[in-house]
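Take a look at the structures below.
Presented sequentially are two complexes of subunit A, the first with subunit B as partner and the second with subunit C.
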Partner chain A sequence: MDFADFISKKAIRPQLTATDKEGAIREMVQALLDAGEIAEDQFDGIVQKVLDREELGSTGIGRGVAVPHTKHPSVEKLCGAVAVSESGVEFASLDGDPVYLLFLLVSPPDRPGDHLRALENVSRRLRDDQFCRFLRQSKTPDDIWQLLEEADNNQFGA
Partner chain B sequence: MFLIDTLILATGVLLLLGIVSSKVSSRLGVPVLVLFLMIGMLAGSEGIGGIEFENYRLAHAIGTVALALILFDGGLSTSMSSVRLAWKPAAMLATVGVLITSVVVGVAAMWVLGVSPLQGLLLGSIVGSTDAAAVFSVLRSGGVNLSRRLTSVLELESASNDPMAIFLTIGCIELLLGRMSPGVGLLGLFVAQMAIGTLCGLIGGYVAAWVVDRIELDASGMYPVLVTASCFLTFGMATHLGGSGYLAVYLAGLVIGNRPLVFKRGVRAYHDSLAWLSQIVMFVVLGLLCFPSRLWAVSGKALLLSAVLILVARPLAVVVSTLPFKFSWRETVFISWVGLKGAVPITLATFPLMFATPDHALQAAVLFDVVFFIVVVSAVVQGAGLTPAARWLGLEHPPAPVAPVTLEISSLKHVEGEVVDYAVSADSRAAGRKVKNLGLPEGAVIAMIARGTQIIPPQGATRVEAGDHVILVLRPRMRTLVNRVFAPAGDSDGALTPSFEFPLRAATTVGELIELYQLPLEGPSDRTLVEAISQHFGRYAELGDSVCYGTVTLRVDRVGDGGVVEIIAMSVVTEPPASRPVGKKKPPSKDAKPGPGPVA
Partner chain C sequence: MQFESTITLIQGDLRVDAKSIFDLITLAAEQGSELDLRAEGPDAEAAADAIATLFENRFETNGQVSPPDATDQPPAS
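Now for the complex of A and B:
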């Protein structure tokens, strides 16, 4: 599963303003809303579901990366948003460091395989330090989109 | 020639023999401390050395100083995380465990030696504690890898149970001499020993660390001496105030060793040497003190008591004191086996000799010989059997990822970073790879590669070869990631994880995971992940346990107090990476990388 299969091009936020977990998640769900991926009346419900998942354990998985995710019945297909924070978001990561790269995934309940494949793809790609470094230095949604495409085409290691 | 000249010569010879004997100890499968004792016995009045030595007070004095230094060093080299991991079971073993061991051996001694109950208990108390020096040296140099929890429990127990044994011994002697009545007075003695010892140790440790950090000495060689001074100060303060000096120095060492200290590695190396010196001196002196012919006279009875101690008393004590902590039966058996006796019992056995009066002979001489015999049997049998026991019980762990030698940046101020020397083994992940392909994290730079006698300035295309020493400059907290780069390839612990892991609280339920990820988990939905993993292994989950559920792997990632699982890491691997045909969707971008400059 490629980034292009689930990341919405219009839901890329190179300059995240929030510095706390809930704020960052709200901003990213808003990005999905702006991109037309989710319905307006579902906004609060989705934010709450993402925060519920965080209760099981932070999705801040270390090295400045967070992959908040959840399932929600209102979405028809897997959709995702990407955000880059310059100042860092306090995300209660296991290593205690703030996160700078965030990938939000919302999946429909009936497609568990896609959900896991997307999670795996994101976490595998983010292992590449060069990819992460370029993402963090990106200034525009187009830059980020291009990087995601290059990752899809195995331009980065692993 | 002065007497001291002869003494110096003899000391030199004995120390040298001690060091040489350590070279053969692993080949003989005998703990090195037994060899030290042998050397002392050979040098003694009945051996070839013919050195007359029967000064119990001096022996006790030497034993006390040596033990203090050994325990202090033990504290210095114990990390806080292993304390957190193991302190509860260790504390139980060090108190309740010692008491049970002492009572059982005491009852046996009453019957075997035909002495009064109290006299029997005195013997039991003397041999009640496991020896820190013996356990540390066997566990750390015995070539056997155990789980961290098990090692921590054993080391902590042996380091902290001496005060209990000392207290019981002194208590028995006081009672036998009729100077104290059982009850409140005895309990007060115990509380004072523990409380004052703890307090002095903590205060001593913090004050010492604070002073070392701020004193700014000109000569770096004085820092280790300063730390030694704090060890003696702490011991002296604690004992003068009526506390346990041994407990105090152990705690002080623990505090100091876990603080960022100026010249820390120098301090550690120095105290490690001091501890070795102390061990050799102490055991040789104790060997000098004993008379093999008298040992022979008590051998039958002492052998019987050793058997009771090893086969009955210790296992019973371990089973009872670890009951609340969910150890597997294999671990319980192993902990029972590692009840090595050492210098503490022999030192304690000199107490009755010193306190004996014409009215109360305390049967001190017989006691000393029996104790000596039991210690030798315990050290030889249990020490030599330790590695086979670990293997037989299946408790051996694969060795941890190569422990790299760390060099110290020679600065007397704090430097935020490290210089680390990795020795590249043939099976290391890094061997045969080019520097640019190592995948070093940001914040880690190779400063040089030493190959044979050559120094190679590293470049991107330089190939790292087996046998190289790669010296890196690291920012703080980069060690774990870099360790993985250099770890052996087959070592799953050090492997670059196939994907990132998501931490989950241990209390997360099966139902919650199924709801989110539709995993093929079984069992009631309100069962927690720890319970699911525990059920899979048929015992309580341990650090590193991992279970695969379809495309998701759950691994026990963090264990807290008393072995309670805190964090379970979830990783997802759905397909082997990079097996997809390239260019399936869109042609690769021909543009330059956006934003950032050229690749470094």
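Now for the complex of A and C:
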């Protein structure tokens, strides 16, 4: 699965303002709402489910990366948002460090395979230091989208 | 790191470092997948036992790991 298959081009936020976990998740779910990927009356429910998932164990998986995610019956297909934080977000990460790159995934409960393949893609691409560095330096949604496309075309290692 | 040994999880042709969460996720192993565990080093046996226990205890999520058909519980991943 490629980034272009699940990241919504309209849900890219190069300058995340929140510096705490809940604020960051709210901003990213809002990005999905603004992009028309989720319904307005589902906003609070989705935020809560993403936060519930974090309670099981932080999705801040180290290397300054977080992949908050949930399954939610209101979405018909997998959708995702990307955010970059310049100052870092306190995310209770596995390595204790703040996160700078966030990928939010919301998927239908009956498609666990797609959900896992999207997580697999994010994780595989973010093992590449150069890709991480370029993402963190990105200032516009277009810059980020271009990087994701380059990753999809295997222009980075891994 | 808690264990000195090299710990590898294997699914088909994929072999990943079990100490790396990034590696583990790239297995994209669905619930019910069959994985092989290999530990090599001075504390290999203790490491393998600890990992087996972790699986048996459902990763200490108190049984909140959702079955594949659940619609209203947090996902296991």
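Convention: the second predicted complex is superposed on the first by the 158 of 158 C-alpha atoms of A that agree within 3 Å, B and C clash if a C-alpha of one lies under 4 Å from a C-alpha of the other, contacts with A are read in each partner's own complex, and residues count from 1 in each chain.
One rule holds for everything that comes next: contacts are C-beta pairs under 8 Å (C-beta built on N, C-alpha and C of every residue); 3 or more make two chains touch, one makes a residue touch a chain.
Just so it is clear, the model here is predicted, and its values are computed rather than measured.
Peer 1: Quick check on the subunit A-based superposition: subunit B and subunit C, clash or fit?
Peer 2: Aligned on subunit A, subunit B and subunit C clash with each other.
Peer 1: Regarding the shared-chain residue A:Asp129, is it in contact with subunit B (first), subunit C (second), both, or neither?
Peer 2: A:Asp129: touches subunit B, not subunit C.
Peer 1: Now for A:Gly62: first (subunit B), second (subunit C), both, or neither, which partner does it touch?
Peer 2: both
Peer 1: Touching A:Arg53, do we find subunit B (first), subunit C (second), both, or neither?
Peer 2: A:Arg53 contacts both subunit B and subunit C.
Peer 1: Looking at the overlay, does A:Leu119 come into contact with subunit B only (first), subunit C only (second), both, or neither?
Peer 2: Both partners.
Peer 1: Which partner chains sit in contact with A:Leu94 here, subunit B, subunit C, both or neither? Use first/second/both/neither.
Peer 2: In the superposition, A:Leu94 contacts both subunit B and subunit C.
Peer 1: For subunit A, which side has the bigger count of touched residues, subunit B or subunit C?
Peer 2: Between subunit B and subunit C, the winner on subunit A residue contacts is B.
Peer 1: Classify the contacts of A:Thr70 with the two partner chains as first (subunit B alone), second (subunit C alone), both, or neither.
Peer 2: both
Peer 1: Contact-wise, after the overlay, does A:Lys139 reach subunit B, subunit C, both or neither (first, second, both, neither)?
Peer 2: In the superposed model, A:Lys139 contacts subunit B only, not subunit C.
Peer 1: Where does subunit B run into subunit C after the fit on chain A, at 199-207, 253-261, 523-531 or 577-585?
Peer 2: 523-531
Peer 1: For subunit A, which residues belong to both interfaces, subunit B and subunit C?
Peer 2: Subunit A residues touching both partners: 53, 56-57, 61-63, 70-71, 94, 112-113, 115-117, 119-120, 123-124, 126-127.
Peer 1: Flag every residue of subunit B that touches subunit A in the complex, lowest number first.
Peer 2: 439, 441-442, 477, 496-505, 508, 512, 515-518, 551-552, 567, 571-575, 577-578, 580, 582-583, 585-589, 591, 593-596, 599
Peer 1: Give every residue of subunit A touching subunit C within the complex, in rising order.
Peer 2: Listed in rising order, the residues of subunit A that touch subunit C are 49, 52-53, 55-57, 61-63, 69-71, 73, 94, 109-110, 112-113, 115-117, 119-120, 122-124, 126-127.
Peer 1: Sort out for me which residues of subunit C touch subunit A in the complex.
Peer 2: Against subunit A, subunit C makes touches at 21-23, 25-31, 59, 61, 64, 66, 68-72, 74-75, 77.
Peer 1: Write out the stretch or stretches of subunit A touching subunit B in their complex.
Peer 2: Answer in residue numbers: 2, 4, 53, 56-59, 61-63, 65, 67, 70-71, 94-95, 112-113, 115-117, 119-120, 123-124, 126-127, 129-130, 133-134, 137-140, 142-143, 146-147, 149-150, 152-155, 157-158.
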